[in-house]
Amino acid sequence: MPTFATAGAKLHRSGTFVLRGLLLNRRAWPNFLSTLLEPVILLLALGMGMGRLIGEVTVHGQIMSYEQFVAPAMLATAAVSGVVNETTYSFYAKLTQRLYEGYLATPLTIGELAAGETAWALLCGGVYSSAFLVSMAALGLAPSWWVLLALPGAALISLAFAAVSMAATTFMRRWEDFEQVSIWMLVMTMCSGTVFPLETYPGWGQAIVRLTPLYQGVELLRDLSVGRLTSGTAGHVCYLLAMSVAGFVLARRRLNRLLAN
Amino acid sequence: MGTGDALISAQGLMKRYGDSKVVDDIHFEVRTGEVFSLLGPNGAGKSTTMRMLSGTSTPSGGSLRILGMNPVKDGPAIRARLGVVPQKDNLDRELTVLENLTTYARLFGLSRKAARERSVELLEFVQLTDRAKDLIDSLSGGMTRRLTIARALVNKPDVILLDEPTTGLDPQARHLLWDRLRELKRNGVTVVLTTHYMDEAEQLSDRITIVDRGRIVASGTPAQLLRAHGTPEVVELRHDDGCDPSHLPALRSLAERVEVLGSRVLLYVKSAEETVAAVHRAGLRPSGTLERRCTLEDVFLRLTGRSLVE
Amino acid sequence: MLNGTLRVARFHLTLYRRTWRATTFTSFLMPLLYLGVVGIGAGSYVENDVEGFSYVQFLAPGLLAVVAFQTAAEEAGFPLYAAIRLTDRYQRMLTAPLSLGQVLAGHLFFITIRAAVSAAVFCAVAALLGVFDSWLCLLLVPVAMVVALAAAAPLFAFTARLTSSANLMTVSRLVVLPLSMFSGVFFPVEDLPAAVQPLIRISPLWHGVELCRGLSGAFTAGSGTAPSFLAGHLGVLLLWAAVGFALTLLVFRRHLSD
C-alpha cells in the first residue's frame, strides 16, 4: 500500500485539524474560558436561586433537590454547546473562506477532512464537559463515582450534535442564517424536560419532547450519573448513535457536492 | 521518466456546467522539466482546466493523465506529487505565516520536525522569513501570493500548477515572482501556469497553448506561434480624429496585414522603420506612430479577432 | 441638536425595517417563551408567594427589564462593532453635517425605540394572558426605554474600543448572561450570598427589574415599594445612562479620529 494511504497516514492528516484548533485557541483563550464558564454560571443560578424557590422535584419516582435534577441537564448543555460553536460558525467560516479547497489540493480526502473536524469538535466538547463535571463535583452535586460514567455519555451527545450540526451548516447560505442556531438551541434547552421535569407538560407535549435529541441526551446522563443502566438507557444510546450516523452521511454527501464538482 | 516525456496529457478534455460547455475539446501535453502556459482571456476556461488537473473538478468528457495516473481515480496519489497555487489565495487567516506552512506540510505526511525544517527553508526561498510569526491579514498581495507558492512547494512537487499567479500584483512583485518560477525550473520542477498576460506567457514559457471560450486556438513555442501567425514587427498609427477609410487601401499595400482597432491602425510588417518612412512618403499624417515587435497579443487578435485583455 | 439626533434615529429605523425579521425571536418570542415555560414550569413548583407576588407575576416585570437589557446589549455589540470597524458606516455618518453627539444620541434613541417596541408587545400579550392586572402596565414601556439606555450607553464605550470581534461573545457570556440570571428576574436576589449583593445592586439591570416590579405592584394590589425607592432606582438608571454617554463621547473622540 502506498505510504499516503495507510491508516496511520490518514490519522496523521485528519489530526491536522485538531492541531490547527489547538494552535489558534492558544491565542483565543478568553473565548475558550467564557464558553467553559457559561454552563457553570447557569448551574449556579439555577441551583442557588431557583433551587431555593422550587425545593424538591420528583423524577422517575425519585425525590431529589432541584440542583441535583438540573445538573445532568446542564452537563448535556455543556456537551452540546462545546460542539455547536465549532461545527457552525467556525466550520462555516472555513467553508466560505475556501480554506478546505486549499487543503484538498493535497492527499487529504473529504472523508478525512470530516473525520478530522469532528475529532476537533469532540475534543472541545470533551473539555467543556469535563470542566463542567469538575464544577459539579465542587458544588457537591456529584453523588457518587458513577458520575464519571457521564463523561462517555456526554461524548456521545457531543458526537450526535456535531454530526447534525455540521450537516446543517453545509446548508447555510448567509451569516444571518446562524441566528436560527442560537434560537433553536434555546428553545430546545427550555422545552425538553431538562430545566423542568417532563411531568409539567401536558400529555401531548410530553410525547413530542420525548422524541427530541436533547431530552434523550439528558435522560441518558441522568441514568449514567447514578449508575442506573436499563433498557431505556440502551434506547437513548441507540437514538444518539442513529442521529450521529444520519448526520455524518448527510454531511459527507453535502461536502462532496460543495467541495468537489 | 526522461526529459521530453509527457508528464501531463489531456485529450479531448471537456467540462460542462448545466447546458454550457466551459471547456470544449481541449488537448495539450506538458513535458517534464518545461514551463507550459495556457494563455487566454477571462472566461476562456483556464481555471476550470486547472481544477481538473488538480483533481478538484471531474471532467465531463475526454481523458486526462497526470504522472501516468487518472486524477479521478488516483487523486490522492497525484496530489502527493503536485503543488497547486490557486487564483485566489486560500490561506488560513487564523494562523501565522509559519503555521500555515507547517499545518499544510502535515497534510503531506511530513513529521513535525521535517515540516518545520521545510517551512523555514521555503520562507527563505520566497523571502518571507522575517514575517514568520505574523498573521495573514498583515501581508500585502504580493506576499500572500509568495506564501501560497511556498505552501505549494512544501511536498517538493514534481509539477506545480499556478492559476493566474501575477494577476493583481504590482510590476515589482510580478518580476520577483517570475524569478522564483525560473529558479524552480532550474531545480527541475515542471511548471504549468495559466495567464492572460502575453508578456508572462512569452517570457516564461517553453510552450504555450492559446485558448478562447473553452476551445484551443493555437499551440507551440512562443517563437513558433509568432512565426506562424504574426510578422516580425508592427507599426501602430494613431489617428486622434478618426481614421479616414479612404487611406486604408494605400496602407494595405504597405503591409502584410492591417487591423483597425478603434482610433488605431496596426500594420503588420517585416521592418517597422521602413514602413513608417513609406507611410510618410505616401503623404499620410497620423497623429502618432509606434514601432514595436509583434507579440502574442497580436497572434491572439489575428486568430480570434479580439484582444486578450478587455 | 434635536433635529440631527432625530435624523440619525430615523436612519437606523429605516435600516431596521429591512432587518427586523431577524430579531423577531430575541425581541418578541423569547421573552414570551421564558414567561410561558419558566412561568408555568417553575410556577407549578413554587407554592408560596415570592415577595408578595405569585411566581408568574413576580417573573413578568423582570422579564420586561431583561428584554430591554438584552436588546440594548445585542445592538451595542456586534452591529455597532461592524458599523465602526468592518464597514465604514460610522465614518460616513460623521462626515455628514452632524456632530458626534448627535450621531451617538440618534443611535441610542433608536435602541430605546427597539426596546420600547419589544416591551409593548410583551406587555400587551402578558396583559391579555392576565399576568398583568391592568393595562396601566403599558407605563412600563418608557421604563424599558430607560433601562435600554442605561445599558447601551456604557456598552457603546466598550465596543468602540475593541479591535477584534472575538471578545464580543466573551462579553455576552460573562457579563450579559450572569447579569440576566442574577438580577432578581427569576428569583429574589436576597437568596444570593452576601458577597455578591453589592455587585448586583450596582447593575442597571437590577435597578430596572426593581423599578418595573415596583411599578407593576403599584398597579395591581396597590402594594409594592415606596415611591422614593422607585425614584431612586430611576435615578441610578439615568446616572448610568449619563455617565455611559459621557464615556462614549470620550472614547469615540479619542479612538475614532484615526
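First chain written, first letter: the chains are A, B and C, and each begins at residue 1.
Keep in mind that, in the parts below, a contact is a pair of C-beta atoms (placed from the backbone, for glycine too) under 8 Å apart; a residue touches a chain by one contact, two chains touch by 3 or more.
From a predicted model like this one, the values you see are computed outputs, not experimental measurements.
Enquirer: Between chain B and chain C, which partner chains are common?
Expert: A
Enquirer: Closest chain to the protein CA centroid?
Expert: Ranked by how close its C-alpha centre lies to the overall one, first comes A.
Enquirer: CA centre of chain B versus CA centre of chain C: separation in Å?
Expert: 58
Enquirer: As a quick test, compute the distance in whole Å between the mean CA positions of chain A and chain C.
Expert: Here chain A and chain C have centroids separated by 31 Å.
Enquirer: Could you please state the distance in Å, as a whole number, between where the Cα atoms of chain A are centred and where those of chain B are centred?
Expert: 48
Enquirer: Give the list of chain B residues in touch with chain A in this complex.
Expert: Against chain A, chain B makes touches at 54, 56-58, 75-77, 79-80, 82, 84, 86, 88, 90-95, 99, 103-104, 106-109, 151-152, 155.
Enquirer: Please output the residues of chain A touching chain C within their complex, sorted ascending.
Expert: Its residues touching chain C are 28, 30-31, 33-35, 37-38, 41-42, 45, 48-50, 52-55, 57, 66, 176, 179, 183, 186-187, 190-191, 195-196, 200.
Enquirer: Hey, which residues of chain A end up touching chain B in the complex?
Expert: Within the complex, chain A contacts chain B at residues 2-5, 9, 12-13, 15-16, 19-20, 23-24, 97-99, 101-109, 259-261.
Enquirer: In their shared complex, at which residues does chain C touch chain A?
Expert: Spelled out, the residues of chain C in touch with chain A are 22, 25-26, 30, 33-34, 37-38, 40-42, 44-46, 50, 55, 166-167, 169-170, 173-174, 177-178, 181-182, 186-187, 191-193.
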